[in-house]
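Heads up, the next two complexes both have subunit A, just with different partners, subunit B and then subunit C.
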Partner chain A sequence: MSPTLLEEVPPPRLTPVEGVSEALQRRWGRPGGRAYAVLRWTGAAVFVAIVLGLLVSLLVSSSQAFGHSGLSFLWSGTYNATKDVYPTGVYIVGTLVTTTVAIVLAVPIGVATAAFLSELAPRWLGAPLSVLIDLIAAVPSIVVGLWGLLVLSPVFARHVEPFFKKVPLVEWFFHGPAYGPSMLLAGTVLAVMILPTIVALSRTALSSVATEDREAARALGATRWQVVRTAVVPGARTGIEAAVFLAMGRALGETIAVAMVIGNNYALPHSLLAPGATLGSAIINNFGEASPGLDRSSIIGLVVVLLAMTALVNVGGQLLLRRRLRAVGAVA
Partner chain B sequence: MSSSVFPIDPNTLTDAIGTRRALVRESARRSLARRRLLGRVAIVLCVVAVAISLTPLVALVAYTTSRGIRALSWGFLTHVPTPPGIPGGGISSAIVGSVIIVGLAVVMAVPVGTMCALFLVERRGRLAGSVRFAADVLTGVPSIALGIFAYAVLVGPGSLIGHFSGLAGSFALAVLMLPIVIRASEAAMRSVPRDLWEAGLALGVRRSRVVRSVVLRGALPGLVTGNLLAVARAVGETAPLFVTVLGSTLLVTNPLQPMGALSLTIFSDGTEAYPAAQQIAWGTAFVLLTLVLLLSVVARVVSARLNRQAR
Partner chain C sequence: MPRGAVARRARDPRGGHRVRGERLTRCSTLALSLGAVALVAAACSSSTPAATKSASKTTTPPTTSTTTAGAAAGSTTTTAAKAGVTTTTTASGAHTATTQPPASSSSCSTSGGTLSPTCDTQSPSFKLAGAGANSIAPFFTRAFYYFNQANKAVTVNYSPAGSSVGVTDIEQNTVNFGDSEVPIPTPASGTSGNILQVPVDLGGVALSYNLPGVPGGLKLDGPTLAGIFLGTIKTWNDSSIAALNPGVNLPSTAIVPVHRADSSGPGYDLDQYLIDTGGSAWTGSAAGTTPSTKWPLPKVGVGEQLNTGVATFIQQTPGAIGYVEYAYSLEGGFTNAAVKNESGSFVKPSQSSIAAAGSQASNLSASNFNIVNGPGSGTYPLANFSWSLIYQKQSNSNLGVVLGKLLDWVTTTGQQQAAALGYSPLPANVAALAHQTLLTLENSAGKPLFS
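For the complex of A and B:
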């Protein structure tokens, strides 16, 4: 092409490619466009209807309980003909304690595992182990619960719980008889359950840190570990935090596995070795026997409380994840 | 070098520089040794963490497999459960129930999810953003809440069906699968190059046809992977089925009746104190575990093939 030819072309307002692309995307009026549009909008409408329906039906079904006891439902629950009260406060405490135990156990181990698999391990070791852990993340919670009840619980009763009773300083948390089923066991089972999630998500966050950051740290004379600590982990911080939030949401909302190993005791727990109850385990244990009316309504009220707690944690996690993806430039 | 400028004996100068240099070298050596030691300790701690995290996970799978295989036999898979105390019996009712419940959930969730994903792919802006956010938050909603929702809509007094049924369980599982299907399908469709869309449209092909033959075709492996992962998640769910399907020891094929399910069998037999019931629970757990792992592996293989094609 000669330079004169180029000069004759007027400067375009849009680049031609963008103009064509936009024109193509706008051709709605053509036959076939309408039916397709209806299809897409139907899909979105059904989904939105389901989400709204979920919220509305749970709120309506629990309105009787909340109407009966107002905000005090959050602590003392509602009157129940056969069991005096549903002690919502006890369940909330149980949920928070078991989740805390799970997070304390799973997060340091999970993040260190992720750091090893993504940064420190040789490829021949890291890659297959990562796949293994990703696969184990799919193990259904009922199987983890069964294992916790039939295998872990006797081990806890015989060895783990008596051991903690002997350790000075922390023994205060571990007084009372060692049965096996307890808040501690429930927290441990939850930790096993959320561990693969934490490892998988943190590993993704760690390996998405730019290679340049690693090289820069290395060029400044950092050792391999210092590269991880000063460049990779800070770069992946939001991703790891999001992983923790999402895992916490899963631990808060777990029902069946917890119901199998927590011992289902409806009094305020005085020690980690005491049997207890969480929102999830209380719902699953009482829903079948609840009579219609106020009784069932207050159990659905527990679902609403649980939903609010997990929503809070999950929205936090999603916002963090989004901020991170935006920083990386992966979200449109 | 610059000895002529400074009125100092060059030898002393060299000495001073040499001492300094030795000092610096020495402290650098020490710092490096210290940092290397720290690194080594940290790496050892990480290896310990890997060992700690792998132990329960591998033990869980290995124990379930070893106990489960012992329970497994042809009769175990093809017979209905016997009443407590009578030996023999199997889990055919639970297998059939799980297949029907999850199958119906797939029939409900996949079309709606795919349509909703198309909506997200085609539309930009606030509405699409909100739908996407709702899907992400719904992924984290506890499954028991979805079960109670299905109960309120389909099972409870004055609702559409009015009693426990397999269909109600399918609905709960479909709601559970929806956000997974939506987000995975959207990602798969977005991975189809924009040029292909435009090439189709530029040929004057109807938009619906472009979507069908170019976008859906191109995204097919991704769609399959996403749907398989959603199924793997749904198959193992217990809590939503517990409040909607109720469970049954009879071989039921009518989804409007209460049915059995694998996860419900594990729960009811696993919490019994009798070794025979626990044996059945382990066998069922092994069947469920195999099914879920198989689905995940197939999903992984499909997506690996997709990645290889893309490259």
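For the complex of A and C:
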């Protein structure tokens, strides 16, 4: 086989279509066109202004806290000088742990559901199921939180948490008393909240896998399950990863539902059954009572840390996606 | 069926299937959605905790307080959660009408004049916004409802987001009145000048526990409570608890101490009590010697938001012990500890034992407000007055008149609503202090609003 067959064909050079720039100029001359251009630029400017304004105001308001304790703020925190110091590090650990639990629970279930919906489900079941999943996405977090507190928490205390304590190998993660509010419960509530995001986005990714890939797998004698496993899911991997990163962003930043079920204990958690705190829950529990000055500045410092974490996840996700897309040649 | 459809079906042999399939899909979507709604409804009606129960039995007075005033009040932190959680329990339905509308007297003017219980419900039309203590919310909800019954022109929205929110909101002048379980250090002032602090109710803090098989009235003293909340006393059959309770069959259940995740008046009272009586174990810990509305030991046990959150947790968790405003404990039907008072007797919270605590306050003021661990053998040691906060100088004198009359009514006639909810009526000297304080209200020119 001649190697030239596999060589990439250079993309055709794009030449401007004749008359377009003249048309644009003509449109600029019309009042409607001018309004449109102004609108476009204003929209862009407002967006940039919001992001910059947010960043600047957060940094200014938290400067006192960072000035007070420098980088150690990231671990030991500052505020409430007269009482115990509430360490930022504990909140960061809590945030990472609950998010991890949520991702571990939600990703397999979410991707499996998405694969079922896009590949296997008959229409009479798939359509209503999608509606239900979208319904979960529309449930406000306060409702999920209340449900977690009133319904899930007793069930966890009586059944789920004692069960995990007996499972060999993982029991180390589940030692200590089981009384409902815990990192595990918070992670579970978060998993419920991010599940719709994962399902909806993964499903789109799965159904946009080329039919030829499926047919090729079929032609090689793959069963239905093998088609999904070997052709469809790998083909949609990039999209699924994007879904996971988006979901992770939401799990990191969730506040009120977590505050209601995590147990708000500011000690370093020793087990998944221990109550804990996340950045979001700490912010919501303490901001209302913060006195002006170092106290309030420290809490805004927590906001900055949270923002940085979500930004890191976003940027990390985008870099990963970019690399993958480049690997398959989708972007230059 | 229209002819076209028949024709289409005839042309496309699969058409019929498709039409039927689509209809089936639509039907199943509808059925599943309905099923989901039914399930949610069932789950809501069957879940036990007090919050839901009272929500379903409540006939919320249409004009009363609670909820969403937070946003209107401009409170930065009144989250949906705080409002949402509290609303359900605080609106504990007003069933019995005990208040008589005052005989309309011609000497009562709506624009100031006399400040007296007979004239209090004669005032200009106004919608008031208040924010503050969560502990007083059941009383305020009921009292404001009856005030509105007596004077339809005045409605009050009270957002029970917590004492500190009440303080911040009044200091920034985003509400008409604030309320705090702990008064602001005097002299109090905010963006609009001097702030008056008016005692409006007398409540107690219950130490409620969930210990199946153990009746209410378990005896606990300062050092034992300190040990429980420090995490050094870990089980209910610990020798220090057993020593105080001979004859009580204590289980070996683990103790789960629950505290408020937000700052609170009840937490302040318990902190004060433990500083007084808990010994060096307490004062030598992170708690220190200055009482704080923010719970000083957040690294022990579980933290929950507001009285409702703590109450729900106690209800759900065998082995739990926590501090809640007595009104919430009463509504939840909790078992409460008998706490050792200054004269050495163990007293359970009740209307009379809390009233006994209040009667010790012979020299009450916003700077001398502490009645924790007061003297007297029948005195419950954990009690406090709740303080409403208003600006002395009212730029809108109509508003000032309404506020003055409302709070004067709350501290006099309105106190009739207190007992049924687990609060104790204000002692006469405290009601008089409230009245005297309200008489100092001024208009923008500095003239007194009332004579």
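One rule holds for everything that comes next: the second predicted complex is superposed on the first by the 277 of 332 C-alpha atoms of A that agree within 3 Å, B and C clash if a C-alpha of one lies under 4 Å from a C-alpha of the other, contacts with A are read in each partner's own complex, and residues count from 1 in each chain.
The rule we apply is simple: contacts are C-beta pairs under 8 Å (C-beta built on N, C-alpha and C of every residue); 3 or more make two chains touch, one makes a residue touch a chain.
Just so we're clear, the structure is a prediction, and the values are computed from it rather than from any experiment.
Peer 1: So, A:Ser271: does it touch subunit B (first), subunit C (second), both, or neither?
Peer 2: Neither partner.
Peer 1: Is A:Pro128 contacted by the first partner subunit B, the second partner subunit C, both or neither?
Peer 2: Second partner only.
Peer 1: Determine, under the contact definition given at the top, whether A:Leu149 touches first (subunit B), second (subunit C), both, or neither.
Peer 2: Touch partners of A:Leu149: subunit B and subunit C.
Peer 1: Should A:Thr230 be classified as contacting the first partner (subunit B), the second (subunit C), both, or neither?
Peer 2: In the superposition, A:Thr230 touches no partner, neither subunit B nor subunit C.
Peer 1: Per the overlay, which chain contacts more subunit A residues, subunit B or subunit C?
Peer 2: Tallying touched residues of subunit A, the top partner is B.
Peer 1: I'd like to know which partner A:Gln64 touches here: subunit B for first, subunit C for second, both or neither.
Peer 2: neither
Peer 1: Just subunit B (first), just subunit C (second), both, or neither: which does A:Ser207 touch?
Peer 2: So A:Ser207 meets neither subunit B nor subunit C here.
Peer 1: Report for A:Ile256: first if it touches subunit B alone, second if subunit C alone, otherwise both or neither.
Peer 2: So A:Ile256 meets both subunit B and subunit C here.
Peer 1: With the two structures laid over each other on chain A, which partner does A:Val46 touch: subunit B (first), subunit C (second), both, or neither?
Peer 2: The first partner, subunit B, only.
Peer 1: With both complexes superposed on chain A, which partner does A:Thr100 reach: first (subunit B), second (subunit C), both or neither?
Peer 2: neither
Peer 1: Let me check the overlay on chain A: which residues of subunit A are in contact with subunit B and also with subunit C?
Peer 2: On subunit A, the overlap between the subunit B and subunit C contacts is residues 129, 131-132, 135, 140, 142, 145-147, 149-151, 256, 260, 284, 287-288.
Peer 1: Give the list of subunit A residues in touch with subunit C in this complex.
Peer 2: Listed in rising order, the residues are 80, 82-84, 86, 123-125, 127-129, 131-132, 135, 140, 142, 145-147, 149-151, 153-154, 157, 177, 179-181, 256, 259-260, 263-267, 275, 277, 281, 284-289.
Peer 1: Would you tell me which residues of subunit A are touching subunit B in their complex?
Peer 2: Residues in contact with subunit B: 20-21, 24-25, 27-28, 30-33, 35-36, 39-44, 46-48, 50-51, 53-54, 57-58, 60-61, 108-110, 112-113, 115-117, 120, 129, 131-136, 138-147, 149-151, 192, 195-196, 199, 221-226, 228-229, 246, 249-250, 252-256, 260, 280, 283-284, 287-288, 292, 296, 300, 303, 306-307, 310-311, 313-315, 317-318, 332.
Peer 1: Which subunit B residues qualify as touching subunit A in the complex?
Peer 2: 32, 35-36, 38-40, 42-43, 45-47, 49-50, 52-54, 56-61, 63-64, 111-120, 122-124, 131, 133-146, 148-149, 152-153, 156-157, 175, 178, 182, 194, 197-198, 201-202, 206-209, 211, 229, 232-233, 235-239, 242-243, 263, 266-267, 270-271, 278, 281-282, 285, 288-289, 292-293, 295-297, 300
Peer 1: Which residues of subunit C touch subunit A in their complex?
Peer 2: Residues in contact with subunit A: 21, 24-25, 28-33, 36, 43, 47, 49, 51-52, 75-81, 84-85, 161-162, 164-165, 168, 254, 256, 261-263, 286-288, 290, 292-294, 296-305, 309, 312-313, 316-317, 319-320.
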